[in-house]
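Right, one structure below, let's go through it.
Chain lettering (A, B and C) follows the sequence in which the chains are written, and residue indices restart at 1 in each chain.
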Amino acid sequence: MKHSFTDYIYRSYRKRKVINAVMYVLLSIAVTLAIIPLLSVFGYVIVQGMPALNLEFFTGLPKPVGEIGGGMANALVGTCTLVLIASVVGVPWGIAVGLYLSEYGKDGRLSSIVRFCADMLASIPSIIVGLFVYALVVLPMKRFSALAGGLALGLLMIPTVSRTTEELLKMVPNHIREAGLALGLPRWKVILWIVLKGSRGPITTGIMLSIARIAGETAPLLFTAFNNRFWQSGLDQPISSLPVQIYTYAISPYDDWHRQAWAGAFVLVLLVFMINIITRLIFAATIRKRQES
Amino acid sequence: MSSVLVVRKLNAWFGHTQALKEISMEFEQNSVTAIIGPSGCGKSTFIRCMNRLHEEVPEARASGEVFLEGKNIYLPEVDPVAIRRKIGMVFQKPNPFPSLSVFDNVAVGLKLAGVKRSAVLKEAVERSLILAALWDEVKDGLHSPGTSLSGGQQQRLCIARALAVEPSVLLMDEPTSALDPISTAKIEELMTELKKAVTIVIVTHNMQQAARISDKTGFFLLGELIECGDTSQIFTAPKDKHTERYITGRFG
Amino acid sequence: MERHFDVSLRELKEQLVGMAGLVESAIDKATQALKTKDVGLLSHVHEIEKKVNHAHKAVDNSCLKLLALQQPLAADLRLIVAIIKINTDLERMGDQAENIAYNSERYIRGKELKPLIDLPIMADEVRSMVREALDSFVKSDEPLARDVLKRDDKVDALKNKIFRDVLEHLKGQPDLLEQGLSLILIARNLERIGDHATNIAEDVIFAVSGEDIRHSAKVETIKGAFNQK
């Protein structure tokens, strides 16, 4: 009995080794296939975009049609402005929603509705959001503006920030909140100063990642911020942005503009990439620092 | 010796389930009272009714009277938040606030209540840490994170944090059950000094601990207070049969 | 379901009861020998005494272990404390039985001072007290234990009667002083055994109800009335 059992184990061991190896190879192929598109896009953008970069790109304004040269300086500044406005709108709003869902609303009907709406907002095509802001802001103002564009991007941020906040706050164990209450602190102080403060790091990461996402949104800006060949003259004026500018140049018939579009694409990809990497590095460093001390 | 805390006919419910039935008890000033009983007997619910933390749970409610220094804290006009400054609590799992230093952890109750002068805060932090028998171990590292301490130190930090707002009563919900024997012994040791400053009510499922540290003991079973008396009497000659069976380990 | 600790307690009780059996047998043989003048019985008593001393140490050791390892509380704690004390009383009873054996040996080898009337009665009474006290322990019977306390008076009265009797007879035969002394000592030994039996009864009452009735007013006045030590 024992003899054949050991035999069986040994034989099945060899079979298991073979299956292991086959699976490993299949998985490696799958991983490679997944990375290939990412790498090829990056690669292509780098190859096309890097040669097109020059100082003028970062400092000059777009030249009129037909002229060679110029740059996307205003688009770069424009993207930053729009992201800033979007953050002012989206971050507090998103955190507030996330806070409500995690701290106050737990089981009520209202919180289910709110959560549903946030999820819907996340799934709506961004161009629809742009149209919504067009109807709400651009038409009454009778002009395109940076404010409208920032608002559209901000609305897009809300679901992500809210979801991140809610999830992170839920990870704070309940007895931490109870300890705060037990000190004789009102609930709002416990939430703001203890619960929220304790999740500062991860929430910031979540915010940075959603910024990286909206920085590259093009569709909603088409009817809200529109575009501007010149420097921005006021927040209530149309504003240039990197994605829109790339789009404009890319669909044009001019080679020089195509070249610049690639350069813009490269800078945009680099920007998003950098935000991601730096945020994650800083977060990992803070975690490590906390563990060491 | 007067009673700093008097409970009269306290009832508590979770939804439709009654967790406490007509509990009446008195707690003498500067004493340590142990609350013992099998799981689910209502002892945690009981102390959470003392600082009105029970009602923070959805669908939970309580009725009856609890007199803190003569005033009924269950009157409708009483603010639960104010009560909790006078009746502090330490929980089973040590829970220093994340991303706050040792100093900030102890000071947070005072700071968020509006105390700003750093001299006052420093004095309060030192006093609380000394009472919690932690000062010597942390005085050179007051600004390291609260979570960098060992489990036993973290629990003493939580005790200091609760003491900083100068409560009259300190409620402790199985404070050493998550700790190793040496940390447990340190915390038990500090109780003899601590009770000179506050009145202590401690829930414990460790009979020997209740016997070691408390002056009076109350035995709870299925939401009722079965017997309450001097600890030495309860553990040598309990009057009630159920108390006897629980203490000698024959059930629960 | 019997717990591990309950098994240990039961075994401890059995250990004590075994020792009590030895002590009872020693008392029996010692008092029997005086009646029948059988010197052989007395050597048995000496043998039993050795076993009693051995058991004395064993019981104390078991109690110590149980206290340290199980940290018993309430009734369990009182039981073990009572067993420690009963252990001591039993061992002393054994010593007294051995003393009776020595004193009886001496008396038997000499001339008879008087016919033994009251000593056998006293011996029977004391033996019965011991039996009752040990029974009350085995059965945890508090009323039975209280009964034992009442019988102590009778034993003391018998002792006094024997003292007076021997003194009377010695007046007529002063040369038999040593014989008289032996009889008085035997009576004294028996009375001491009775005292130890009442101690055991008091310990049983403590174990069962938690009440400590030693040195209570009633017991003291009775002792005083008969000029006890």
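Following the convention adopted for this analysis, contacts are C-beta pairs under 8 Å (C-beta built on N, C-alpha and C of every residue); 3 or more make two chains touch, one makes a residue touch a chain.
Keep in mind that what you see is a predicted model, and the values were worked out from it rather than measured.
The chain with its C-alpha centre at the largest distance from the centre of chain C is A.
Of all chains displayed, B has the C-alpha centre closest to the centre of the whole protein C-alpha set.
In whole angstrom, the spacing between the mean C-alpha positions of chain A and chain B is 46. Rounded to whole angstrom units, the spacing between the C-alpha centres of chain A and chain C is 93. Separating the CA-averaged centres of chain B and chain C is a span of 53 Å. Residues of chain B touching chain A in their complex: 51, 53, 56, 58, 81-86, 88-89, 91-93, 95, 97-100, 108-109, 112-113, 144-145, 147-148, 158, 161-162, 165.
On the chain C side of its complex with chain B, the touching residues are 3, 5, 71-78, 209-210. Put simply, chain A touches chain B in their complex at residues 106-107, 172-173, 175-176, 178-186, 189, 193-194, 197-201, 290, 293. Those residues of chain B that touch chain C in the complex are listed here as 207-208, 211, 235-238, 244, 247-250.
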